[in-house]
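Handing you a structure now.
Note that the chains are named A, B, C, D and E in the order they appear, and that numbering of residues resets to 1 at the start of each chain.
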C-alpha cells in the first residue's frame, strides 16, 4: 500500500470536516464535522507510525482520541446551554458580541 | 564633604520623589501642610544644587569630576546608573531647580482650577525629577527614562488644569513628543549596536555600551556616514520636536496657550531645553560627521524658525500665544548657535538656553498674572496696565526688553554670540550659507523688537479699556514678588556678568567641540 | 582719575538704581540724587580731561619720545609724538578659552565727549527740576535720565566694540523710555516705538559690522581693530563691507537720510530729553562711532584719496533735506529737530571728507548751541506758551516778556547759523575748508547751500517766536532761575567755545588735545582759509538777510500803509518803495519762495509720504505677512497635516470593526482561508 | 525497565494536582455560604507549589526525564513561578467576583487550577504529545470558565466562540503535528530539531506543517488572523476569566511557541520566521487600529492584548537572524513577565470600577479622577505602562523587544521594528483616550462619589501588580536577570 | 498486498461518501449515522495498518461514547430530524471554495513529499501495533501526559456537568 493513499484520504476527510464546520448552522453538526477533522489527524498519525515503525504515533493517536472525546463532551454541554438560553442551537443566531 | 560629592546628584534628582510621596500621603484637606512640604522639598533640592555649585570644579568644567556616580543598573542590557555633571549641564540643572521653587511659590495662593494643590504640587515635583535627571544622566537609557518621565506630569498639567481647549492641546503635546522619543530610542539602540568601544573602557568589558561619555569618545568610530546620518535623523527628530524646531513646532503654541501659568513656565523654561541639551550632549559629540552633514539644514530650520516665529508673533491676538511663538524664534537662535558646531556657537546656545529659560519664564508668569487680573489675554481688550498696575507693567517692559536681546540683560548673550558664531562655522561647513543665516538672524532681532514692543504697547501703554475703567486691579502680590525677584535679578546679573555662565560652560563646550573637531580633523 | 575712568559711568548707574528704588522717599523725589551723581561724574570728567591734556602737553614737550606700536604703519602728526590712549581692561566673558575684556579707553576724543555729555546732562538735570515740576512720573524721569547718562558715558569710555554696542543699545532704550514718557497718549508711545524700531534697524548694521571687524581683526578692542584697519595686511573688501555695515548703524542712530524720520517724532518726549538725547548726546553716538573706528572707514571708504564716498554722500544729502524740511515746520521743536538732522549731516559729511577734527569739533560746539536752542524753546513754551510748541499759534513777540531766553536763544541761533565769532562759525567753517581742500569740492558747495538754508530757517524761527505780536493766550513771563541758569551757561559756551580751535589766532588746542596720534591715519590739516571763511560767513548772512527781509519788511510795509492814506507824496514814496522792492519780490518769490515753497514742500511731502510711510509700511507689511504665515501656513498646512494623520488612523480602526462581524463561522471562514493562503504563500516562498 | 522519576522536579505539579483534588472534594463539605473557603485552599496550594519552584531555582541544575520529553530547566522553573504567581493574582481577582454572584465556587477554582497545571506542564513539555496535552489542559477548563455566567447569553456566546476556535485550531495544529511526526519520525522536539537541522525546508510540506502546528498557538496567543474569538470572549466571559485568558493562557501559548520554535524548528527558519513575521505585523497593526474605536473597556483591552501579543511575537519572528537567538528569547520571557503584571493590574482595576459603576463602557470612567483618585491613578499607571511609557515597566518590555530586533539587524527585522515603533505610538491614542476620560472629563451626575469599596483581596491584587510595574520600571534588572537565566536554558 | 489495497479503496470510498453525508445530509440523525460509518471505516483502516489497539480504542470511545453523546445532544437540543428546515448557513459556497482550495494545497504537498513511499506490513510492523508495545511506550515515555490527561478528563467531566446541569 502506498503511504499517500492514507494521507490523501485523511486530507479529504479533513477538508470535508472544514466544509462542515463552515457551512453547518447547527452546533451539533459542527461538532460532528470537527470529529471528521480529528479522525483525519488520527489516520495520518497511524499511517506514519506504520510507515516509520514508530509506536509514538499510535500513542499520539490515543491521546487525540481521548481528548477529542473530552472536548466533545464539553462542546455538547455548551451547545446545550446555549440551546437552553436561546432556544436554538443555530450558531448563526449568535452574534450579540461584535465590533 | 566626601559623602556629599558621592550622593549629590542622586539627591538632586530623587529628593523630589520623597517630597512627592509625602505630599501624596498628606490628606487632601490639609492644604497648608501640602504646600509647605512641597516648598521645603524643592528648597532642599535647590540647596543640594547650590552645594554642587559651590563644590564644582570650574577649572575643569569638562570633567564629570567628583560628582560622578557609576553603578550597575541593568547589566543585562549593559546599561548603567551613570550620573555626572559638567559645565554644560550644571547651569541647566540649577535653573530647573530654581524654576521649580519659583513655580511652587508662585502658585502658593493662586492654584489653577480645578483646585487641587495636592495633585498639582505632586506633579511639579515629579516633573522636577525628570528634568534634573535628564541633565545628570550620562547613560543613554537613563537619559531616555528621565526624558520621558517629563512627559506625563506635563500632560496632566495641561490636560487637567489647562484652558478650554486643553484636551486637544495636551494630547497633541503628548503624542508629538512621544513620536519623537520613539525614534530617539531606536537611534539609541542603533548607537549601542553600531558603535564599537574598546572593551577595556566599559565597565562590563563589552564592546558596545550606552555610556554617553564613552560613545562621545568613540565619536562614531567605524560608522559609515550613511549609517551615521540615518541614526542622526532619529536623534534629530527626537530632539527637534522637543526644542521645537520649525516644522515640528505646532504643538507648542497650543500647549502653551492652554497650559496653566506654572505649566507654561516650566514648559518654556526647562522642557524645551531638554531638546537643545540633547543636541549638545548626545547628537553632536557622538555623531560628529553626521552633525557636520546636517549642520546646514539645522541652521536653515533654525533661521526659518527665527523669522517664522517672529511672524507668528506678529499675527497673534493672544498674549500668551504670542510669547509661545516667540519661544520658537528664540530657540531658533539657540539652534543656530549649535548648528555652527563652534565653541562660540555652542557657548552662546548654552547661555541662550538659560537666558530664554529665565526671560520667557518670566513673560509667562506675567501673562498668567495679567490673565488672573483681567480674565483675558486678548491684546485688543488689554491696555494701560501701567496705570492700573504700574509695577507689573514695568516688569513686563523689563522682560520684553530682556527678551528682545537688549545688551546688559541676559538675552543679549544668547543672541549676539550666536549670530556672531554664524559668521564662520566649523571647518567643512559652508561659510556663505551661514553668513546668509547670520544676516537673516540679525533681521530676526529687529522683528523681535517689533513684536515685543508692539505687545508692550498694547498691554502696558495707553489708557485702560472701557471695560476696566475703575475696576480695582491689584498690583503685584507678595508671592509674585518673592517668586519673580530671583529671576529678575538673575536676568540683570547674567547680563552684566556673563562670565558667571560662560566661565562655567566654556570648558565643557570647548571639550565637546574639541572632541568633534578632532574626529572631523578640522 | 584717568585710570579710574570706570567710575564716571558707574556713579550715575548707581544713582539710577537708588532713584528707582528709593527715589519716591527722597525729599526732592530723586532729583537731588541725579544731580549729585551727574555732578560728580562731571567733576571727574573734568579731572580726566585735565590729566589727559597734561599727558598730551608732556608728550609734545620733547621731540623724540617713545616709538610706539604701529609707528611703522601710522604716520604721526608731524608736530608731536604718539600719545597712547589709557586703556584698562578686566575679563568680562570668555568663550572657547578666549577671554574678552570690558574696560575703559581714555583719549582725547573720549575726554571731550565725557566733558560734553556730563556737562549737558548736568544742566538738563538742573533745568528739569523746574521744567518737569509736578510731573506724574517725576522720579522715574530722573531715574531714566541717570540711566541714560550712565549708558552714554559707558558708550564713550568703551574700550571694545561689544561694550560700545551695549551702551549704544542702552541709550536707545532710554530714548525709548523718555520719548514715551507720557505714554498715555497713543501718539507718544507710537513715536517711542518708531524711534526704537528704526534705530534697531540701524543696529543690524552695527551688529554685523562689529562681527565683521571682529573676524577681520580677531578682536573686539577698538585699538586692535583700528590697528588692523591701518595695517598693510588689512583685507580691503572686509573693510568695505564692515564700514558700510557700521555706516548703516550711524545712519540709524544719528538720524541720517533715509532713517531720519524717527527723530522729529521723537520730539514727543519732554523738551529736556530732546535737548540732552536728541540734540547733544545720543544722536551724536553715531558720529562718535564713526570717529572712534575712523581707520575702518578711512580704509573701507578709502577716504584718503578723495572722491565721492557713501559716508560723505549720506551726510551731504542729509544736510540739504534736513535744512529744507526745517523751513516748513510750525512746531519750534520740529524745526530744531530737522536742524539737528542737517547738522549731524555736517558731521557725518565731515568724517566722510576726512575732516575728522572738524567733524568732532562741530560735534563739540553743536552740543552746546543745539542744547541751548532746545532748552530755550522749552523755556519759551514752558513759561510763554502753555507747553505748546506751535510758533504760529501760541508764540510770537516773546522777546519782550522773556529777555534772557530771547538773548540766549539768539546767541544759539547765531552760533548755529555760523556767524563769526560764535562757536558754530569755527567748526562749520573748518569742515567746509577741509572739504574744499581735500578734493571734495562738491561737498563744499553742499555745505554752503546748507549754511544758507540754516541761517534762513533759524531766522524764521526766531522771528516767529520772539517778534511780532504775542499770539498765545495767557500771560507769558520769564522762566525761573533753574531754567535760565543752564541757558546762560550754554550760551556762554556757544559764544566763545569756538575759540578753542581758532586757527587764525594760532589756537589749535582742540586738535592737539583731541586728535589721536596713536593708530590713526595721516590726515591733512589745511590752514585757515580766509576766502572760504568769508564766503561761508557771507552766505550765512545772506540767508539771514533774505529771511529777515522776507519777514521783517512785511511788517514795515504794513506800517507804511497807514501813512499812504494821508498824503500822495508818501503814497508815491510807497509805490516807489514797492517798486524798489521789485528786487525784493525777486528775492522773496523766486529764491526764498522756491526754497521755502515748492522745494521744501515737495521734500516734506516726499518725506512724509514716501520715506516715513515706508517705515510704517514695513511694520504693517510685517504684520500682514505674519498673519498670513500664521493663518494659512501654520494653522492650515503644518498643523492640519499632523491632525490629518491622526484622523486617518482612526478611520482605519473604524473600518476594521466591520471585520469583527460577530458570526463565529465567518471568523472560522477567515481562519481557514488564512491557513490555506498562508500555506500556499509559504510553498511559493520556499 | 521503569522510568526514573525525579520527584523534586515534579513537586510543583504534584502539589498543584493535590490541591486541585482537595479543592474539588472540599467543595462538597463546605456549606453554601462558606464555599468561598475553597479559594483560600486554592491560594494556599498555589503558594505551596511555589516553594519547590524556589528550591529548584536555588538548586538550578537542569533536570530532564523520559528521553528529554520532560525537562525542568531555568526556563521551565522561571515560567512555572510566573504561572503560579499569575494564578495567585487571578484567584485574588476572582474571590469576590465569584462569591458575590451566585456561581459555582469550588468548581471554578478547580478548573482554574487545572488550566494552570496545564501551563506548568507546558513549560516543561519537550515533545509534541505533551505539548498537545498541555495545550488542551490549558484550554478545555477555560472553555467552561468562559461560559461561567450561565444565565447570561453573552457568556454563553463567549464560551461557544472560544470553544469552536479552540477546537478548530487544535485540529489544524494536530494535523500539522501529524505531518511533522511523519517527516521527522518522532514526537520529541530534540529529534525534530535534528531533522530540521539536517533537511531544513527542502520538502515544502515541512514548512507548511510547521505553519499548521503554529496555528494552534497562534490561536492561543490570539494572533491576527486567529484572534477573532478574543474580543468577543473577553467581553462576554466573567472579567476575572478574561484577565486569566489574556494573561495566563496567552502566556501558555507563547511558552509553547518558544519551546517548539527554539527546541524544534529553530534550524528551519524559513518555515516559521515569515509566518511569525506576518502574524506579528498583522497583530500589532490590526490590534491597535481596531482598539482605537472601542467603547467597551474590556474589549479595548482585548484588542490591546492582541497588539501586545504582536509585540511579543516580534522578537520570535527575528530570532534566527543575526545574533538575536539569545536576546529574542530573553525578550519574549521578559515581555511576558511584564505584560502579565500590567495587564492583570489593568483588569483588576476594571473589576474594581465595575463593582461600582456596573458598567464596562469607557464612558463610565469619566471623572474617575475626582471620584476615586487612587483607583484612577493606578489605572493610569497600568495603561501608561501598557503603552510603554517610562519609568513604568512597560518601557523595558518594548525596549528588549527593539533590542532583539537590532540584534537581528536584517532588513526584514528592521522593517518589523519600524512597524512596531509606529504601532507603539498609535497605541498611545487609545490608552490615553481612557486616561483622558478619567482625568480630563467631568464625572456624570449619576456617578457615585467616594472610593468604591474595594475588597482586600482585590486591592491586594492591584497593589501587587502596581508594585511590580513600578519597581521593574525603575529597576528592570530583576526581570531582565530572570529572562537571561531562562534564555540560558 | 492486493487484498489490502482493495480493502483500503472500498473503505476509503465508503468513508468519503459517508463524510460528505455528514456535512450535507439535511437530517441530523442521518448525519450522525454517517459519522458512525466514517469512524468505523477509520478503525478498519487502523487494522489494515496493523494498529489493533488503537483500532479497538477507536471503536470503544468513538462509536461507543462520542456518537452516543452526539445522539443525546441531538435529542436534547431538539435538533430538526426531518429534512424540512435548512441545516446549512449562508456561506456554503465560500466554505466549499476554501475547503477545496485547502484540499488542493495539502494533496499537492503530500504527493510531493511522500511520492511513492510504501507502507510494508510485516512482523516488525505487527509488533509495533501490539497493545503491549503501545502500553509500555505510554508508561515509559508518556507517563506525565498520561497523568495530566486524567486530570484533564476529570476537569472536562466536572466542567461539562456544571455547564450542562439545569439550575
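We take it that a contact is a pair of C-beta atoms (placed from the backbone, for glycine too) under 8 Å apart; a residue touches a chain by one contact, two chains touch by 3 or more.
Since the structure is predicted, the reported quantities are computational estimates derived from the model, not experimental observations.
**Q** Compute the shortest path length in steps from chain A to chain D over the network of touching chains.
**A** 1
**Q** Quick check: which two chains are joined by the most contacting C-beta pairs?
**A** Result: the chain pair A-E has the most contacts.
**Q** Could you work out which chain's C-alpha centre is the most distant one from the centre of chain B?
**A** E
**Q** Quick one: which chain's Cα centre is the longest way from chain D's?
**A** C
**Q** Per-chain C-alpha centres versus the global one: which chain is nearest?
**A** Given all protein C-alpha atoms shown, the central chain works out to be B.
**Q** For chain A versus chain C, what separation do you get between their C-alpha means, in angstrom?
**A** Chain centres of chain A and chain C, defined by C-alpha means, are spaced 100 Å apart.
**Q** Report, in whole Å, the distance between the mean C-alpha point of chain C and the mean C-alpha point of chain D.
**A** The mean C-alpha positions of chain C and chain D differ by 80 Å.
**Q** Measure off the straight-line distance from the CA centroid of chain B to the CA centroid of chain C, and report it in whole Å.
**A** Computed from C-alpha means, the inter-chain centre distance equals 39 Å.
**Q** For chain B versus chain E, what separation do you get between their C-alpha means, in angstrom?
**A** 71
**Q** Touching at least two other chains at once: which residues of chain C meet that condition?
**A** 646, 657, 660, 662, 664-665, 668-669, 672, 675, 679, 683
**Q** Mind pulling the chain D residues that touch 2 or more other chains?
**A** 129, 133, 136, 140, 143-144, 147, 150, 159-161, 164, 168, 172, 179, 182, 204, 208, 231-232, 429 - these are the residues of chain D that touch more than one other chain.
**Q** For chain E, which residues are shared contacts with two or more other chains?
**A** 89, 91, 94-95, 98-99, 102, 105-106, 109-110, 114, 141-142, 145, 149, 152, 156, 159-160, 163 - these are the residues of chain E that touch more than one other chain.
**Q** If two chains touch, include that pair; go through all of them.
**A** Those chain pairs which touch are A-C, A-D, A-E, B-C, B-D, C-D, C-E, D-E.
**Q** Residue numbers of chain E touching chain A in their complex, please.
**A** 1, 4-5, 8, 12, 15-16, 19-20, 22-23, 28, 31-32, 35, 38-39, 42, 45-46, 48-51, 53-54, 57-58, 61-62, 65-66, 69-70, 72-74, 76-80, 86-92, 94-96, 98-100, 102-103, 106-107, 110-111, 114-119, 121, 124-125, 128-129, 133-134, 137-138, 141-142, 145, 149, 152-153, 156-157, 159-161, 163-164, 166
**Q** Contact residues on chain D for chain B in the complex?
**A** Residues of chain D touching chain B: 330, 369-370, 373, 384, 389-391, 395-396, 399-400, 402-403, 406-407, 409, 417-418, 421, 424-425, 428-429, 432, 436, 439-440, 474-477, 480-481, 483-484.
**Q** Which residues of chain B touch chain C once you look at their complex with the stated criterion?
**A** Going by the criterion above, the answer is residues 172, 175-176, 247, 250, 308, 310-316, 342-344, 347-348, 384, 386-387, 401, 406-408, 412-413, 416-417, 419-420, 423-424, 438-439, 442-443, 445-447, 449-451, 453-454, 457, 460-463, 497-499, 502-503, 506-507, 509-510, 513.
**Q** What does chain D use to touch chain A in their complex?
**A** Spelled out, the residues of chain D in touch with chain A are 128-129, 132-133, 136, 140, 143-144, 147, 150-151, 153-154, 156-161, 163-164, 167-168, 171-172, 174-175, 177-179, 181-182, 185-187, 231-232, 235-236, 294, 299.
**Q** Of all residues in chain C, which touch chain D in the complex?
**A** It is residues 646, 649-650, 652-654, 656-657, 660, 662, 664, 667-668, 670-671, 674-675, 678-679, 681-683, 685-686 of chain C that touch chain D.
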